[in-house]
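What follows is chain A paired twice: with chain B in the first complex and chain C in the second.
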Partner chain A sequence: MRQKAKEYFKRLRAFGKRHNGIAYVYMIPAAFGTLFFTILPFIFMIIAAFFKVDLVNIQESRYVGTWNFMMVFTRDNEFTKAVVNTIIFAFVTVILLMFVTILMASWLAKNTKVHNFAQTLIFTPHISSMVSVAILWVLLLDPRGIINQILALFGIQGPAWLLDSRTSLISVALVTVWKSIGYYCLIIIAGLQALPPEVYEAARLDKASRWCILRKITLPLLTPTLSFVFIMKFINSFKAFAAIDIMTQGGPQGSSMVLGYWIYNAGRVKFNYGFSMVGAIVLTVLVAVLTYLAQRFFNRRQ
Partner chain B sequence: MADIILQDLVKIYGNIQSRRRRKHRSAADGKRAIDGINLTIPHGSFTVLVGPSGCGKTTLLRMIAGLEGITEGKIMMGDIDITNLEPGDRGLAMVFQNYALYPHMSVKQNIEFGLVNARLPKQEIAERVKEALEIVGLQDYAGRRPGQLSGGQRQRVALARAISKSPECFLMDEPLSNLDAKMRSEMRSELIELHEKLRSTFVYVTHDQIEAMTMGSNIVVLDEGKVMQSGTPDEIHNDPDCVFVARFIGDPGMNIIPLPDGYQIGFRARDVAMDATESRSDSVLIGSNIEATENHGSEFLYLLERHGQRFFVKEVSRRARPGGSPLHFCVDRADIYVFDSEGRRVYDAAESERVFQTFKSLWETP
Partner chain C sequence: MSLKAIRKPLYKPLEIRDRDKFLRQVRLRNRLLRCGKTVNYLLLIGVGLMFVYPFAWMASMSLRPLSEALSFSPNLLVKSPEWNNYVYAWQQAQISHYVRNSLLYSVLVMTAQYLAIIPAAYAFTWLEFKGKKFLWAAKFLGMMLPAEATLIPVYYFYSKMGLVDNWFGLILPSLFSMFGIFLFVSAFRQIPKEVIEAARMDRAPHRRIMLKVILPMVKPMWITHFISSLISNWNEYFWVLMMTNSEKIRTLPVALRGLMQAEEGVPEWNVVMAGTMIQLAPILIMYIFASRKIKTAMVGTNISAKKLGGKNENT
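Presenting the complex of A and B:
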């Protein structure tokens, strides 16, 4: 690791020398943005995790060591729930999304009027804001809402969805999947259309059935696209906030509490910034580790 | 032992008319890529479909393979109608121009794929893969991915994949066009050898008339979706049926000189006697100046012009004649081909003699 870093800086210096130092000037705008909006907040996050922060009188903040960590990890049972829920939420949304989008994309990856129209339709939720989508679904998922009334027509007693601690998390997951189908479907369609057509012709001459083509040709060839979709959606799911905030606010009884909402709750509602920074660190580490594992999994498959 | 028989084959791209309207045979909106082809591809032949780009040769091959829908007509394999069979059920194997290997599978898996789908016993699959790899000389590459192979090697894998199926018929779509010149001539002779060895039918598509002449035992010249002529390389080269074939086959193509009465005279650049001086009754003596010279190493190609017509003559020689110098040559009656105004060959002796005399009177240089 250190060897790599050294190497990197050596190359950077060589690059600067080769270009009379003017290269550094060109880098300033990007470096400025990165410094103030990524690196400094990141450092602040780590520092603040060790303080009892008082945002009104910042001088009143005092160093508390690992007390924030101790409290969050041992005393706050909503936090443990949030971590578990976040992981469940991420996996459920990603796996459900992948399943639905692959099926829909392989159906929609044609260039007829009907298919183009359908592509536009399923893309619409992506351009509307999460807030309006969430409000819409709050109405739809009401215990006496449209969905349960339709279910009642078939003699099914629908659950209370967002108000039941057994279904709240999965309901929110379904809504976020619904919203992102169009976007990720489009990415997979693009991936499908980039696959070489003659390989499919060869497969037809090789007597491959449709199922066999999907499993042995399409999915392996689509791995780069799928890994992109998986990782992007995975990271986005970890950061889920707006949907939870509007639909359940983490309830009932913390059943839909996820890390993103917990951090907000600890900081902006309970004014305990130290705790929320601890949560942010945990979230960062979780995302980093799981993304790394996912990447490795997909790389090996390629 | 089955010949492949194409009956009244038609392919229309674009707007295919409804059945009801097609009855009236009004002008079709779509492009007729294949326009009523009748052809028999004899079993065991090395048949080359050749023609300029856009002539429909690849479409025709893909129709035989079942990858392209058929608008009208029938394809028979012996007595069996295969028009509506799935590509995999036709007993064919195809080699694509860009190889179409499965990039994520090893060489062995590439070859196996079709055999596994055909549910052959494991033992036999292993034997066939081994044999196919031996034939193309890639035994040591079974575990490699296509991405780790050179163009020539990939082409061999594609060939091995086809061989392993021991098909009635091999379809090849310009398989050598992505290779460099040296590799191409190497693969050319390997393909001829392979055909000798396997004795199954080869249908080979190319735009390169040299490839067609050197490889084919049976050549089919296509243009605008129609068969212009089919026959052995000798027949095609020495006895062209029409101006199109005469021009397309040969290096360079035949010189075609239109006469004022609409007839056309053709002769090959090679069939001339250089530096002729005396005129005989059964030949034409032509004099002109050299406009340009092409060096082919051991032979030279001279571009001449007379009566506003450009034509080539060829001479086997070590040294080029200087540009602009006068050149007299003589073409025998026997080497002159006569075509009518629509470009069809004139076989009638009296008619062709009359045209020859017209040509002689107009073109003979005193």
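Presenting the complex of A and C:
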């Protein structure tokens, strides 16, 4: 018996040596993770969208065809609102961020002590957690909070920000922009410092104005980095969850509901798992299409 | 006509014609420049303060008595600091318990993740095996699949396997973090293949190559990954909120949400702020002492991993 086991073990080792067996051992955790957190959930998601799911007794689930889709697309007002809001949120965040960070980065991109200090300061919100930042801004954006106090100094009656259905989504977008300005500024500054200095010397010899240099030289040279970074940000802002969860919870009247939060709300709060999975499919398709378009865009460029 | 008639007077620059006026002009210009520089610096600091002031205000809020806190005064100074807020948060609101959980979570993830990430990255970069392409493609699928979408299925698997409210289940996905694998692959690809081949010639097993040859070479990258993943794990919110039902193993960020929404009516903002300060403090203190290192770590890792298609963990 023992002899046999030894023999078997020897053969196994020989097999492993011949076929690079160690690679499989190294890959086991990663493969398990992919299976468990990507492939199986993906399959589950597609199947569950066609069922009325009961997670406690999975056998009790009934096949309902496209009923879930019908209900979500036609009856659920919050869902359509969530899709529209998600897209608005992504656009507002990215466009604002792009505008502000490009200007600020070209202002901050110098290597003096003060400039570095300013960079350090504006980077602070990025390393602090979204939860703390969101809680902090709930207070700052309170109808009686600091922002409205400052606006009152200029004689402006500030809105109720997070509590007003007209401004809630924009307020959350503004907070996420505030949090990530530092990060994107530093990325752009890193890109700026990698640009060839000769071009700038030539421009200065030609007496080009600073605005002209920014528009005609810096932006075109930076476009590859910029578009990459901001398209990634665009896709990422489809997944804004923590900010919405802390600051508005989709409220008032669903005015700041985004897709990621809608999925959580439908599944984990209202226990409509089928609906939630329909939302998940829509979100996945949106992200996948955008990622695909982005990839194609970059491959054509390079 | 003679040449003399059309000859113009020789051009003399101002500094020769009127030296005093020239010097005055230069001095004025220098003064203006210096002035502009100072204004620029002041503006820079001012804009920088826009990003730090809220945190300072938070610290001041956390020291006010409740009645004073509810006035939302923008003043940073507190007349009689109420340190009891922290004591109250630490004991009554059980922040101590959540701090312990947060620490445990971070430490567990930070120690366990490299056991899976580094071998996987090594195999992806230098070893040939069946299914390599498939796995790599699946990783990209995983990138496109938002965590919100896989939430319900993963929760179902977890509840069937008894992993909800369980330390093992909580740290499990971080062990296969795609972000980490992409990052290490991108660092490994910088190392010339000859290094590995030479080591293989000397009949070194892969395990020893990985530990003794490769890891020392990617040490700088390892430090940056360590810093950025430490911060993002300490701040982790979504995953912990989803996969826990009881307060037993919830971490600090999730507890803060509970603290804010617990009571009816107005929350005790001074205590909430104290809790939030406790959550922020370790990272901010780290940032004060190693700001340069943290800045380059956060910016650098994310770019190099994104170029390969990883995603930003700290959103």
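The rule we apply is simple: the second predicted complex is superposed on the first by the 255 of 302 C-alpha atoms of A that agree within 3 Å, B and C clash if a C-alpha of one lies under 4 Å from a C-alpha of the other, contacts with A are read in each partner's own complex, and residues count from 1 in each chain.
Operating definition for what follows: a contact is a pair of C-beta atoms (placed from the backbone, for glycine too) under 8 Å apart; a residue touches a chain by one contact, two chains touch by 3 or more.
Given the structure is predicted, the values throughout are model-derived calculations rather than measurements.
Undergrad: What does the overlay on chain A give for chain B and chain C, a clash or a fit?
TA: fit
Undergrad: Looking at the overlay, does A:88 come into contact with chain B only (first), chain C only (second), both, or neither?
TA: After superposition on chain A, A:88 lies in contact with neither partner.
Undergrad: Considering only the touch criterion stated at the top, classify A:41 as touching first (chain B), second (chain C), both, or neither.
TA: Only chain C is touched by A:41; chain B is not.
Undergrad: So, does A:190 touch the first partner chain B, the second partner chain C, both, or neither?
TA: second
Undergrad: Regarding the shared-chain residue A:198, is it in contact with chain B (first), chain C (second), both, or neither?
TA: first
Undergrad: Based on the superposed arrangement, let me know which partner A:145 touches: chain B (first), chain C (second), both, or neither?
TA: second
Undergrad: One more residue to check, A:239. First (chain B), second (chain C), both or neither?
TA: In the superposed model, A:239 contacts chain C only, not chain B.
Undergrad: By residue count, which of the two partners contacts chain A more extensively, chain B or chain C?
TA: It is C that touches the greater number of chain A residues.
Undergrad: A:212 in the overlay: touching chain B, chain C, both, or neither? Say first, second, both or neither.
TA: It touches chain B, and chain C stays clear.
Undergrad: If you stack the two complexes on chain A, which partner ends up touching A:263: first (chain B), second (chain C), both, or neither?
TA: So A:263 only meets chain C here.
Undergrad: Give me, in Å and rounded to a whole number, the least C-alpha distance separating chain B from chain C in the superposition.
TA: Result, nearest C-alpha distance in the overlay: 5 Å.
Undergrad: Under the definition above, what is the set of chain A residues touching chain C in their complex?
TA: 20, 22-27, 29-34, 36-42, 44-45, 48, 55, 58, 104, 107-108, 114-115, 117-132, 135-140, 142, 144-146, 149-150, 178, 181-183, 186-187, 190, 228-229, 232, 236, 238-242, 245-246, 259-261, 263-264, 267-268, 273, 276-277, 280-281, 283-284, 287-288, 291
Undergrad: What residues of chain B sit close enough to touch chain A in their complex?
TA: Interface residues on the chain B side: 65-67, 86-89, 92-94, 96, 98, 100-104, 113-114, 117-118, 161.
Undergrad: Spell out the residues on chain C that touch chain A in their complex, using ranges where they run on.
TA: Interface residues on the chain C side: 41, 44-45, 47-52, 54-55, 57-58, 61, 72, 74, 115-116, 119-120, 122-123, 127-129, 131, 135, 138-139, 141-157, 159, 172-173, 175-176, 181, 205-207, 231, 234-235, 237-238, 241-242, 253-254, 256-257, 260, 269, 272-273, 276, 279-280, 283-284, 287, 291, 294-295, 298-299, 303, 306-307, 311-312, 314-315.
Undergrad: Which residues of chain A touch chain B once you look at their complex with the stated criterion?
TA: 196, 198-199, 201-209, 212, 216-217, 220-221, 223, 302
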